[in-house]
Amino acid sequence: MTLSNERVAWFNGKFLPESQVLIPFRDRSWTGGDGCFDVTRTFNGRIFRLDEHITRLYRSLKYLRIDPGVSPAEMTRLSEEVFERNRHLLGPHEDYWVGQRISRGVDPCQDDHIDYHGPNVIVECRPIPYRQRARMFEDGIRIIVPSTRRTPPSSLTPRAKTHNYLNLIVASQEVSAIDPAAWAILLDINGNLCEGNGSNIFLVKDGQLFTPQERYVLPGISRGMVMDLAAKMGLGVREADLDLYDAYNAEEIFITSTSLCLCPAVSINGNKVGPEGQVWGPVATSLAKAYAEAVECDFVEQYLLHRENGGATRPF
Amino acid sequence: MTLSNERVAWFNGKFLPESQVLIPFRDRSWTGGDGCFDVTRTFNGRIFRLDEHITRLYRSLKYLRIDPGVSPAEMTRLSEEVFERNRHLLGPHEDYWVGQRISRGVDPCQDDHIDYHGPNVIVECRPIPYRQRARMFEDGIRIIVPSTRRTPPSSLTPRAKTHNYLNLIVASQEVSAIDPAAWAILLDINGNLCEGNGSNIFLVKDGQLFTPQERYVLPGISRGMVMDLAAKMGLGVREADLDLYDAYNAEEIFITSTSLCLCPAVSINGNKVGPEGQVWGPVATSLAKAYAEAVECDFVEQYLLHRENGGATRPF
Amino acid sequence: MTLSNERVAWFNGKFLPESQVLIPFRDRSWTGGDGCFDVTRTFNGRIFRLDEHITRLYRSLKYLRIDPGVSPAEMTRLSEEVFERNRHLLGPHEDYWVGQRISRGVDPCQDDHIDYHGPNVIVECRPIPYRQRARMFEDGIRIIVPSTRRTPPSSLTPRAKTHNYLNLIVASQEVSAIDPAAWAILLDINGNLCEGNGSNIFLVKDGQLFTPQERYVLPGISRGMVMDLAAKMGLGVREADLDLYDAYNAEEIFITSTSLCLCPAVSINGNKVGPEGQVWGPVATSLAKAYAEAVECDFVEQYLLHRENGGATRPF
Amino acid sequence: MTLSNERVAWFNGKFLPESQVLIPFRDRSWTGGDGCFDVTRTFNGRIFRLDEHITRLYRSLKYLRIDPGVSPAEMTRLSEEVFERNRHLLGPHEDYWVGQRISRGVDPCQDDHIDYHGPNVIVECRPIPYRQRARMFEDGIRIIVPSTRRTPPSSLTPRAKTHNYLNLIVASQEVSAIDPAAWAILLDINGNLCEGNGSNIFLVKDGQLFTPQERYVLPGISRGMVMDLAAKMGLGVREADLDLYDAYNAEEIFITSTSLCLCPAVSINGNKVGPEGQVWGPVATSLAKAYAEAVECDFVEQYLLHRENGGATRPF
Amino acid sequence: MTLSNERVAWFNGKFLPESQVLIPFRDRSWTGGDGCFDVTRTFNGRIFRLDEHITRLYRSLKYLRIDPGVSPAEMTRLSEEVFERNRHLLGPHEDYWVGQRISRGVDPCQDDHIDYHGPNVIVECRPIPYRQRARMFEDGIRIIVPSTRRTPPSSLTPRAKTHNYLNLIVASQEVSAIDPAAWAILLDINGNLCEGNGSNIFLVKDGQLFTPQERYVLPGISRGMVMDLAAKMGLGVREADLDLYDAYNAEEIFITSTSLCLCPAVSINGNKVGPEGQVWGPVATSLAKAYAEAVECDFVEQYLLHRENGGATRPF
Amino acid sequence: MTLSNERVAWFNGKFLPESQVLIPFRDRSWTGGDGCFDVTRTFNGRIFRLDEHITRLYRSLKYLRIDPGVSPAEMTRLSEEVFERNRHLLGPHEDYWVGQRISRGVDPCQDDHIDYHGPNVIVECRPIPYRQRARMFEDGIRIIVPSTRRTPPSSLTPRAKTHNYLNLIVASQEVSAIDPAAWAILLDINGNLCEGNGSNIFLVKDGQLFTPQERYVLPGISRGMVMDLAAKMGLGVREADLDLYDAYNAEEIFITSTSLCLCPAVSINGNKVGPEGQVWGPVATSLAKAYAEAVECDFVEQYLLHRENGGATRPF
């Protein structure tokens, strides 16, 4: 294979330049979000917990009753190949998101003039947007809780990673219209802290870790990673119903996500988290170090290297 | 313009053959259902209540904070032109759906290698699938109420016609996995009758019409049409909280939608609606006649003409 | 005592042929379901966990504020005697349900012309209907989740085994009207998996057992039995809030009840449970064997022997 | 027919002395409240709004999917005949409740040794218990709102008059254990005033009548009667969501039921209703008079004549 | 009476300089918000709808079961006298709030060393803070909906004007910590638009007025005033369940309160209300003019005269 | 310092006789309950778990975003000094409540004529009202569950000890209006047992302790004390969702609070707790003894010594 400077993706059986991966406009994921996906990231040339992501992807598919026509093993292999084929396009200090997306395809009842009505399956990668997010690692995240509640499981499970994101988007717009740099964390239908767009939340209280119950959130792989690391470090970890009283009194709050790994919050609803001046509290710091060791990549430094104005002091 | 036998659609400023209307796979409507649409139909060469549909479309856009870059007047004109350009492709006794779809486009933060990050706007038409639905006009619809509840307005409004359809799809799958020809009508979060995929429900009780409150459903234009006709005919019409007791004791039940117009139900959860043998009750019959007159198209006959085995006796 | 071919029951102090156990029509359990009961079964001549059933019965009575005028010890003794007196009427490979039922009796304010207004107390047995259920052990159960929600504890506790069954009956009718052989499992008021008519549900996930929390279900004695056996076998067992995502992704699902003991499900809402072709998964098989050993009765074989067309291959 | 001093009832096709109307103990209404009923009363030899009661009865039957095997017209005729046959047993100043009760009968799967598995249908009458209730007409009712909430329609409709009364019984026991003479009025699942055991509630506010919405209550025929009378008298009448703030500030509160017709409340949760000393407020008085006129029976006087110590002053 | 330059208030029977109106620290309103109040304002020397406010005050008292020991007529008279006694202290273009506050007093069980345990009753006035609010009349209000939900009526009625304000305060803090000048409007427990701290909200849609249902809000007297004016002007007015979809698509939104009377909103959750550039829409303008006429005070001008930098152009 | 027979309190920096601790009537805690507090008690001259109470106080303050201007260490010291200064005023067999109360002070926008707008901070003590409560230790508490539900955390957290008590007061009034000596325990918004005014509830079931989950209640320090003692004694202790079925079947029920420590209940909603005649069950007795030992004060005897008619037999 010859190297190009356009990334390639796998699309229904072929590797194509991304600009040729195009979707018929009657595909049910474009008209109805009728599809699902999963996404992991690389760390220094290795894909992070790909098996867990693929397992979760097939759970989403089972929930939606979509058969992608590709086995989990093949999907794993394709993900690795996509990464390999695009590796040379990574800049310095960069890593990829590596993702799989499956739509239900075009409904023959809506368009019987096209030939293919099966699922559209894509495996692709793209660089993590370090520059836009570097500031969060230096200054910490401002969390705002919007009024919109996370869709309840009795309407659509939050645990499948589907292509229906409007609940999270509408909620995030409430927040970003007021404070463009703030991060929205929604409450669930019962008024408990829930999750943000692609992100989980952790509180530290009395030196113990708390995070919302799996039933109401996407069980993030990074969330699981942090829970594992905490357990190894001897920290207590509990899934629990948490509310604003917990959040306002937390010693530390942080967010986990595939790309961010772990990033601290400095305020929630304008209420300062932890002691004045703290961005990285002791628990977040320890976990970030352990995380970096485990993935063999100092992701905090990686983000900071991409800051627009360069040269931040490393927070720890 | 020369006539082709492929339909054309308007796509971001150009009229293109439908097969050339292709969406980049990172478009946020494909990955998140982040878009909205509206759709009306034609009757014998006239577009049905296009203005009302366009007004509703711009309400959905305002809710999602998407600016399509096209004015309502222009969108109306484009819809008419799309119809005109495809008119010659209609078969006998056929009509079109005519729709507008807008996505938020590709997030620059997710893909900065492509040039265009604005909204993707499509105006298109497609023939109504008469054949698949003709039977419903002869035999009536079997309604089944699934266990999944309609997404509550506190999570995502049901009144905007968005590209997030999984709640309705997941609910419909519960039903069609058991009875493939049945029609799913969901309950809302409070346990009241709500709506189906693109369809509203009406009950007749003591000769009066009842339909779920607008707050929990997409306010269908055909629903409004039926309410107008009923009022003109001197029938009482009330938006109300309705439940299974109401449904099981209704004298008649029918469904309205853009393409179906009005189609009667013969059972709900296996409980027969109205007297034994009734498919088209007196109220549904009167309203269907008035509807047909108003749109100058006998839509019931139109459907029946497309039945696979031909030649049904007209129900009224 | 002479042997008759009519079963006898204990009724307010006397052993009578069942046909003479008749209830005044103004008894409040007939007019309002104002009573409660419990029921266990026999295995090869021994009554299963009678003490636990009697304890639960007196909890139901305490909840309803009914004093049966019979002590738990006496109720236990009567249950045993009823079984002894009817034992000779069991056919081959048959066992009895043995139950106790107590109503609040006739309200003197509603009928002061009859003499007795105390509770009506009955201890009785009847053969388990093997024939009707044998197929479920061979083909597995099809579970369907109806739209009706289990009555919430804030209205009436599901943990007392009362004579108010309409919530479960109305829900089951939704299901059986569509698929007469399917088994209804309701969701609770929060949208979690709950219970069926006289039955509990278990999921297997990652080789661990999950079952709904006791707060929302009747805590079945067979449910407890399975939890005990699983613990002894080293399987993890957790009471948890479970939903359709859990169910659709379960490796195995099974139902427990007094008479069924443990019976596997092959689908839920038409979504296949576990790998294609599986009826009895490995966990259900192990637990069924352990159950059979513990009660010294191969209940699976017992059911299969009553199949209408005879001669099924034993599933394991 | 010869006159006896035992009342007769119609039971599955025969008129029998009540003491011979006996129910097999495995009838599903005794073991599960699986049945429904309706009941009206007589006024001076005429049955009150029998047609409306029969219509409601058949709605309950339809909801429960029970076919009684008797037509509404026949049920009406039987009700009248039952009254005629028992008329001579009424004491002076007495009237009857006249009711119909239908159970689903014995499940053949539970007992295949008996012959009849069809519904058990009873038409019967019994004297209204004037003596026990006379005091309420003189002193007014003390209402207490229990903690137990009325079963929500998503679990079991409150609008069918079924044999499942435990929700109301358990709630009433909370109240009567504390104040034996008090009347329980439950809140619905949303915290609105709902209904009591067989009774509806009305508030007077700014001279207008308010009563809970039909969706959450049994729509009492006496409730309808009062609404009709109020409308004729020019009083505003509104179905509304009402709560304790409304109740505590009501000028008058009264209860309606088949037997009570209309009876005033003097307190709710110990909070005095209306001005000190008021039992019968002006609106209740006017409505009671109009009610008495309409039914040609001064029911208030009728109750007072049965007081234990005789001779109360008529309240108005 | 001699004129002083300190305002006086009526306190438990005496007129005192405000600085002498002091409350024992064990008063239950200080320790538990156990009290209620009402407040109206003056317009050019006349108290606005004092009778309605006093009526509402006694409804709050009845709900809390506090007897103030002062009759409504006397409370009215005292309110007028307080105003008269403080009138001379008003600056130019100023008006007073005139309010009544009643606490339950000191619990003898908590402090039996003081003599007086009756209610503490205060009638007082204070100038409306024009300066701080003038900007809102020129630039319009930015509404933000916080995540905290209004306390549900099943916990504490929002219709009594009590001394328990923390729900509204905690919600407002969410908003003001992010945008200090924004106005918080809460959702109710069902996710409908509800009310803000002492303020009601109105939407204009299709030229008709909508406002949340009285059941979930304090029924503001200014809210009533606007509804009356709108009715007189021939505008439709409806109490309805309203949500963010309604708000985002409203043609106009405005707030009513005792002191503001009516003030327009320019955005909600950062979503612009109405056409670009609009502060005072046509409906708000008409209603404000009619309001000003009715109270004989151009309140808009009054506010604008107090702006810090003076000299705004009158908005209409 | 000279000894006086009036207690002193610390108020904004000074120790003053209590009668001089007076609050301006526009203080936001008087007009809105806008403040919080905490309170512990003494046992024989020692303050009970003062540090835990101060920690909880500062959590309440953080939730309300009030800065008291006093550090936790100083608040602790002040609490001790207040106790020391008032110690000589304790009667025999008496102890103090020792509390801290902070209000947000007067809003400058509401009253700019006074100088001080900072928080009002009070540290004070008062004798426990033994006499009124002694009977509860001899006869046990009658618990009644009112209809009013505890305010949900999504409106106002129950875990901060704020000055907003009307929800609990309104609920307690429902109960005391019917049975003045009964103790109200509310249900939470989900219908689970929750808490009473300043008190937690415990059930004993199968010899194990159960108490409502912390999320819905104020986590009482005495509650924590009992949980600690139980754990030491080898009793199982679980936080759980509990309902009336649990309560009606509990072997024992008791209440904990700062002043009561632990006091048994004899009935709930009129349903007898435990065996006939039991006031102090074995678990309550053991825990009370262990409690008394731990605090070195036989609080049961202390209460009984204050009974009005003297000389009760000690219950254990």
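For reference, chains read A, B, C, D, E and F in written order, and residue numbers begin at 1 within each chain.
The rule we apply is simple: a contact is a pair of C-beta atoms (placed from the backbone, for glycine too) under 8 Å apart; a residue touches a chain by one contact, two chains touch by 3 or more.
Worth saying up front: this structure is predicted, and the values here are computed from it rather than measured.
K.L.:
Out of curiosity, which chains are bumping into both subunit C and subunit F?
P.N.:
In this structure, the chains that contact subunit F and also subunit C are A, D.
K.L.:
Enter the minimum step count from subunit A to subunit F; a value of 1 means the two chains touch.
P.N.:
1
K.L.:
Taking each chain's centre as the mean of its C-alpha atoms, give the chain farthest from subunit B.
P.N.:
Relative to subunit B, the chain with the farthest C-alpha centre is F.
K.L.:
From the mean C-alpha coordinate of subunit A to that of subunit D, what's the distance rounded to whole Å?
P.N.:
Centre separation, subunit A to subunit D: 59 Å.
K.L.:
Whole-Å distance, subunit A centre to subunit E centre, using C-alpha means?
P.N.:
The answer is 45 Å.
K.L.:
What residues in subunit E touch two or more of the other chains?
P.N.:
If we look for residues of subunit E contacting two or more partner chains, we find 63, 65, 148-149, 152, 154, 173, 177, 187, 191, 244, 271.
K.L.:
Of all possible chain pairs, which ones touch?
P.N.:
Chain pairs that touch: A-B, A-C, A-E, A-F, B-C, B-D, B-E, C-D, C-F, D-E, D-F, E-F.
K.L.:
Mind pulling up the subunit E residues that touch subunit D in the complex?
P.N.:
Against subunit D, subunit E makes touches at 59, 62-63, 65, 152-154, 157, 159-160, 213, 215.
K.L.:
Which subunit E residues qualify as touching subunit B in the complex?
P.N.:
Of all residues in subunit E, those touching subunit B are 187, 190-191, 240-241, 243-245, 248-249, 271.
K.L.:
Can you tell me which positions in subunit C touch subunit B when the two form their complex?
P.N.:
Touching subunit B: residues 144-149, 173-174, 176-179, 182, 187, 191, 244, 269-271 of subunit C.
K.L.:
Which of the residues in subunit C come into contact with subunit D in the complex?
P.N.:
6-7, 9, 11, 18-19, 21-35, 37, 63-65, 101, 103, 109-111, 113-114, 122, 124, 126, 129, 132, 148-152, 154-156, 162-167, 169-170, 173, 177, 189
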